[in-house]
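These notes are about the structure you will find just below.
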Amino acid sequence: MIDIPEFIVPLIPWIRGLVGLSLVGAIFLGAMGAVWIERKLSADIQFRYGPSRVGKFGLLQLVADAIKLFTKEDMRPRNADRLLFDNAPIFMMSSVFLMLVAIPVGAVFINGVEYPLAVTEMDISVLYIEAMSAITIFGIFMIAYGSNNKYSLLGAFRNFARMVGYEVPLGITVVSVGIMTGSLNIVEIASSQGLLWNIFLQPIGFIVFFIALMADMGRLPFDQNESEEELVAGWITEYTGMRFGLGFFAEYIHMILGSFLVALLFLGGWNVPAFVANNPVLGLIAPTGFFLLKTVLVLMTIIGMRWAVPRFRIDQVVDLSWKKLLPLSLLNLVWAVGLGLYLGA
Amino acid sequence: MVLKNIKYAIKNIPKKRVTRLCPEVESPLSDRFRGLQILDKSKCIGCGICANTCPNNAIKIIKAPIAPGSGKQRWFPEIDIGHCLFCGLCIDQCPKGALSSGKEYAKGMVKWTHKDLLMTPDKLAREVDIEEGDER
Amino acid sequence: MDARTIIESLTGKFPEAISEAEVESPIRIRAYVDKEKAKEVCQYLKDSLQFDHLCSVCGVDYPQRNEQEAVYHIASYDHPVVLMLKARLPRDSPEIESIVPVYWNANWYERETYELFGIKFKNHPNLKPLVLPEEMLGEWPLRKDYEGFPNKTARNLV
Amino acid sequence: MEEMLGPNEMIVHLGPQHPMQPGPFRLNLRLKGETVMDAEVELGFIHKGIEKILENKTYLQGITIVDRICYLVAMTNEECFVGCTEKLLGIEPPERAQYIRVILEELSRLQSHLLGMGEFGEFIGFVSMFMYTIKEREDVLTLIDMVTGARVTHSYLKFGGVRDDLPEGFKEKALPVLNNLKKVISDYEELFGSDRIYRERTVGVGVLTADVAKSLGVSGPALRATGVPFDIRKNEPYLVYKDLDFKVCTETAGDCFARVQVRLNEMRESIYILEQCLDRIPNGPLFPEGTPYGRRTPVMRVPAGEVFHRVEDPRGEMGMYMISDGSDKPYRVKVRGPYFPTLQALPPLIKGTTVADVAAISGSMDGCTSEADR
């Protein structure tokens, strides 16, 4: 048992928030790591070496890339809408950060009491995250409309169609998890799972959620918005330098957040057996470590998918969403209600 | 389903890499690789068949000393390597077998100007350093 | 189908239009066609003699004879005989009826022949340069008396 | 095209530089949303004037120039050019040289199909497919390199024969590569056949029927995928193809899936041909005896005449029409490339499809703009 001085107890939410905030800053490093993982994994799949020059195993390649992006000329097409064109990447980035404040990035157990590391804790954080995630589409449309390019516009339209199709099953699966738990607070959902993860309780829900999430993030079987062979670079065609970098990073951070969501909602979050949680030292590290490990595994799965499968056509994507995933997610909702009633009783 | 594809991709991960780390590991060349030509000055008779054969007119016949430092001059081919296709016709058509293929494909050919790419008979005979003035 | 029967059928059908028909080998035959009748002959070849595959259309320039030839290579998907059909055209105003209505893929071949040789294909749906820029129209680079080669096509950079 | 622009329509130019293209050409699409209402191809971005250049080079120099018509199939281009000249000269290479030529042409067919399939995979978003095939292609290129001394532009054939004999131990080195290829071809077939996304992207996309394909003048795998067994190697055998046992691979569907399937099967047939050749190749001279032709080509005056020679290129029917006036340079050479009519057939084929299918259809044709432009 650690004795916590009396005067610190009221400050605990603040400390927790500050630690969470610093982890939010670290998410930038996480995005760099994601890019590195992507490059190395794709190289492994394709019998290549991947980045190997800058730093050990090419770990600093992303730093070099960032320097390159910062020093590049900031170009703007002649007929671009300046206001939209300049601010859209910032808008995208901010929407990602808004998402980030509600997502806990781990938890510490002090004296067996759980303190989640989130910047803020709200009662409807799952809905809030969903909403903020949907906002990125405005950033994408700002980019596409502002850059006055037909490829960008086509890419953004595809993104719209996909987003509209996939937010629905995504929302329904999230709500069905919430119904079963009896709360829409993501911290509560995560911690209430215990060792019986939601993936075992709602396997269909997990599959639907994972596919919808991939589509939401625009990873390969669903990356019609920037399909290189058709639209050159899709919505981001006209961007260079750090503006491109911001959009690029926003995408990767979005991906990391998606992995967080999967780990939190379906893979049991930071829950560890009680003896670990009660251990004064392990309780501080193990839950967060365990949670991040799961996140990285999910991230690698998402990344690996990109290099192993072909891309859908946009009408097939929309088909898949409305004709397959939506009925499945509704089925899962019914199942979750029933299961929730049964477990609750 | 897509699972087979994913399985195939995962199975590839431990396999051996086929690419090379380029400047450190040189690419393997076949025995018949056609690189920078080598001139055997003792065999060359300066007939000019190579110059007539060259599809890109990269070969000129010029007067050059028969050995380094020698005052005696004879006719030898001079190849503008910037125009050379490395097709090997000059080598095949040479009646005396004076030309042959070397293995150099980058060495001696990294120069600032096209003018420096002119391979004089001394250079072709490897009497002088062909790497002189290379940009690395 | 035999090369001999093809020739006989062709000369029997168009006694005036087809001249100098000869069998070069069992799979190659060659004939001159009157330029007015080229399209009709092609139509007949396609409909009756199974010549349903146009290999190519090209021009040949003969400044000494002061004429140009439009050469059609017509083959078949069923038998290996290739018919080399030539039409003599005057060099100063080469004009011939387009065969696009018969063979759809003659379209680009005729456009190419037009821009390179100046052979005008009448009633062609879209006779404009294909591989050359618009401003080079009228230079007819593949004619033998073209002065621009190699100075206009490739410049020696040394 | 602009004047036909209707409400809610826009024109998108794919090219001259675009990731979808096998080389620079411009594809103007009139789009309504994602649907292609109309399409138009503009050529000429890499027009090299090869036909004019050939008129100004001797026959021997011409061999190096025809290599550059399309770097992927340099060997078949050479075969066509050399075949034309040999017919005019009235010589025929001895049997061993013919076998060596067949071996190299089939190897080059293998590498071209491998690259074409990989590219197609990339065009539908299967990025790793390109790397899978290019890895296997590397082995084939090494074999070609071993014989010819160059990977893409070989300048290997000579009038009446080939430049060099097969190197020592070629068969022993080639057989493991071929066996490995057999295995990976089955792998690819399984990957393609089992993947649902792949099937959705290719089955029923860009369907050509036999009649339409014939009227469009298409040849090669694109035609054979519609069920027409048109193969110059069978219809009009050159070299020793008439002694070799192989079948013409056809499919009936005529869509992108069938085209790739035809390529896969053709690669199997090529391997089968190669195995036969390696078994049967006789010993003997590389050049016809009693003639001046040899590794060192004599000064040639080609008898006046004209000839049209066709060979089977990996992409279809490659033909050359050569006129000689008795001098040392050809009077006129017309190159009839297989991709020229295929590219011409692209606009009617993509009309009514979506932008994503444009990449799939154009990729499944396995193009080479360099050869269409010449």
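Residue numbering begins at 1 within each chain, and the chains themselves are lettered A, B, C and D in the order written.
FYI, contacts are C-beta pairs under 8 Å (C-beta built on N, C-alpha and C of every residue); 3 or more make two chains touch, one makes a residue touch a chain.
Being a predicted model, the structure only gives us computed values, none of them experimental.
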Per Cα centroids, the chain farthest from subunit B: A
Of A-B and A-D, whichever chain pair has more C-beta contact pairs: A-D
Subunit A and subunit B, separation of their C-alpha mean positions in angstrom: 54
Mean-CA-position distance for subunit C and subunit B (Å): 43
Chain centre separation in whole Å, for subunit D relative to subunit C (CA means): 24
Shared interface positions of subunit B, touching two or more other chains: 2, 5, 8-9, 12, 18
In subunit D, residues with contacts to at least two other chains: 128, 132, 135, 195, 197
Residue list for subunit C, restricted to those that touch at least two other chains: none
Subunit A - residues contacting subunit D, complex: 42, 45-48, 150-151, 154, 157-158, 220-221, 223-224, 227-232, 306-316
Footprint of subunit A on subunit B - complex, ascending: 2, 5-6, 8-10, 12-13, 15-19, 21
Subunit D residues within the subunit C interface of the complex: 43-44, 47, 49, 51-52, 56, 214-217, 219, 223, 228, 230, 235-236, 306, 308, 310, 317, 319, 321, 323, 331-332, 334, 336, 340-341, 344-345, 373-374
Complex interface listing, subunit D residues touching subunit B: 57, 60-61, 63-65, 67, 128, 132, 135, 138, 142, 145-150, 153, 155, 158, 163-164, 167, 187, 190-191, 194-197, 295-297
Touching residues on subunit C, where the partner in the complex is subunit D: 27-28, 52-56, 58, 60-61, 71, 73, 75, 77, 79-80, 82, 84, 103-105, 107-109, 116, 129-133, 141-142, 146, 149-150, 153
